[in-house]
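Structure in structure tokens, see below.
Each chain gets a letter, A, B, C and D, in the order it is written, and its residues are counted from 1.
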Amino acid sequence: MADDFLRIASSLTSIARALHGRGWLVGTSGNLSAVVDRDPLRLAVTPSGVDKGELTAAQILLIDEQSRIVSDHRVKPSDESPLHVRIVKERGAGAVIHTHSIWNTLLSNIHAGDGGVAIEGYEMLKGLQHVKTHQHREWLPIIENSQDMLSLADNISDTVGKNKDAHGILLRGHGLYSWGSDLPQAKRHVEILEFLLEVVGRSPV
Amino acid sequence: MADDFLRIASSLTSIARALHGRGWLVGTSGNLSAVVDRDPLRLAVTPSGVDKGELTAAQILLIDEQSRIVSDHRVKPSDESPLHVRIVKERGAGAVIHTHSIWNTLLSNIHAGDGGVAIEGYEMLKGLQHVKTHQHREWLPIIENSQDMLSLADNISDTVGKNKDAHGILLRGHGLYSWGSDLPQAKRHVEILEFLLEVVGRSPV
Amino acid sequence: MADDFLRIASSLTSIARALHGRGWLVGTSGNLSAVVDRDPLRLAVTPSGVDKGELTAAQILLIDEQSRIVSDHRVKPSDESPLHVRIVKERGAGAVIHTHSIWNTLLSNIHAGDGGVAIEGYEMLKGLQHVKTHQHREWLPIIENSQDMLSLADNISDTVGKNKDAHGILLRGHGLYSWGSDLPQAKRHVEILEFLLEVVGRSPV
Amino acid sequence: MADDFLRIASSLTSIARALHGRGWLVGTSGNLSAVVDRDPLRLAVTPSGVDKGELTAAQILLIDEQSRIVSDHRVKPSDESPLHVRIVKERGAGAVIHTHSIWNTLLSNIHAGDGGVAIEGYEMLKGLQHVKTHQHREWLPIIENSQDMLSLADNISDTVGKNKDAHGILLRGHGLYSWGSDLPQAKRHVEILEFLLEVVGRSPV
């Protein structure tokens, strides 16, 4: 497992730096995780309060199902670690990526009253796992933001459990959570959803 | 021909990486091709499902007129390879580039009812082959998207055959196909059309 | 102190180059400073009229409380150095960053009549010092621009003194001043405020 | 003069590459020039039809007052070389930069009926030569585009002669010409004018 952790930490770091370059991890916001082991659950996660443009693989933490650090680090995991754990367990995801972009923030507010954003008719949708046609209708649920991380984790878990076809979820005024079977797929899902949110956001109403 | 293939594969790769940097090949979308031989037809094409930001020349495939792989690769060519073959044959193009950008996606929807987008009065048009004045009127036809690749190939072939002056074609909700006599010209055409689509898209109506 | 100055000059330079890459220090605009010593006050500041994309650590000046150069440089400090000194003294800041961005310029005009911009309800706000919830209401005061630097310094000093919770201040048609306890925090505050100003600016009214 | 030419060609190349990175020299569009000698006039200019992202100093041409190549190159100078020569002569400029950006193209159309764009009240204006206050009103004249380069050169020469305070001129649907006493100043003027055109273009009307 130690080798897996090193390999995954390295991959997590380079993806975090790439997404930082897109402007989706501004300040020290956003976080990424990937499953290292499932039984018991071990998750590689980015640390809290670090500029992702300067992240190094040595800073990646290993946490357990209760979000406790089991690697040799004396820092704090992200407060949002429980949200990653819940998405991994509820959806069997291998990696989870949380981004803050201009367009995901905007649309999470504009469509909050609808409970979600519908994205339909785009070829780009075919890059999402199990989607075979541009006629697919992707429903990105929007949930209210909260500082009570346990209640937010329950709400996310419940929402992603009920929306089995969704490839992501928006937190109002907060950002996007997306996931995939592994890190490259999670990265692809984030790029696709961010692209489509910008297209929807710029479309005339 | 082997030397030509290596040279073209290298050029294809560096252009794919450059266009990826512009955000026009998001996720694993988009594909590029270039003619290596015309008789019989041999086309160098990007593989399916690969992040173009990490593409290497060794991954470039060689296909024949039926989109069968004739190079030593055990992967899948892009489902859209037949579209490249048809444009090469119908227009005598030496290279074809297919991009997914925010603005080409937006305008392919907004102008779908008109059957195309007219671009006129811009100096930038003079960068397109055979265009001598900004007064040129470029008509980019828009066709409906489809998952039936043979029917889509027929539709594209028919449309580019009927629009001999067009330097590109839009697929609704999908993206832009452009081409040129060689790779540098195809790249130039893509950059110019993407620039002009953004100008048109931002112009007050 | 000489060592501190070298270390801070190096950090100032790399942050200036990073912010230049974001397009917030266009032309030779913008300036950055960091406290090297407090008693007597010694401030490391970027020089006037230099392209921040080409800034080197050797060009960073050391000034005193009266904005006089005390390092071995025969150039001019920024005319806006007194503004940095006043913010450092009024707020106990360890670093001050002044940016000119498209969105901070736009919003400083649009909201000038309101005397400021309110930003509320965004998770991203939690990246600002002492902010614990997205429900925080950040009030960015807007003051009129002036070429009388002493009067402008008085106005800024007065405004940041009266708005103890503000993490930044807008000068109308001019740009954003933000600050932090040290350079990394000031950089984080700038990135967060620029992000949120763009979100507010793109939000439907 | 040979040494001057090499030095200027190198500077011209690195500035061209930087502006290409901003998206202002798309396709093979745009051109830059700098005075090497004034009597007789010798101008270093970028060649025609070259991707500025791949420009090398060895490709920079030396031309005379009639836009004839006097360096050892067997290529074509830009068709727009006479426009550079005229601006140099009319304004005593040491360098001229011509860019095609989204925002300069848009505003050259939107404000064509007014004969120009007024930019007033921005601190950023102070980065333009001889401007001492944000209250300065910069008037960027707009002239009609033409494929008759001699007539266009006359029109430009006449317009910049009549507008002695202008730091640039827009050609409708075509782009921006700006200039300065040397290359760094011309680059600064371009960056400032492009920034301000985007601010004006995004401002609510």
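One rule holds for everything that comes next: a residue touches a chain if its C-beta (ideal position, glycine included) is under 8 Å from a C-beta of that chain, and two chains touch if they have at least 3 such contacts.
Keep in mind the model is a prediction, meaning the values are calculated, not measured.
Looking at the partners of chain C and chain D together, they share no chain.
Copies chain A and chain B of the same chain sequence form an interface built mainly from non-equivalent positions, shared numbers / all numbers used being under half. A rotation of 90 degrees, rounded to the nearest 5, superposes the Cα atoms of chain B on chain D.
Relative to chain D, the most remote chain by averaged C-alpha coordinates is A.
With each centre defined as the average position of its C-alpha atoms, the distance from chain A to chain C rounds to 32 Å. Put simply, the C-alpha centre of chain B and that of chain C have 45 angstrom between them. Counting partner chains per residue, chain C has no residue touching two or more of them.
Interfaces, counted as pairs of touching chains, are A-B, A-C, B-D, C-D. Across the complex, chain D is touched by residues 18, 121-124, 127, 132-134, 184, 188, 191-192, 195, 198-199, 202-204 of chain B. Contacts from chain C toward chain D in the complex involve residues 23, 26-29, 51, 53, 100, 102, 105-106, 109-110, 145, 147, 171, 173-175, 201.
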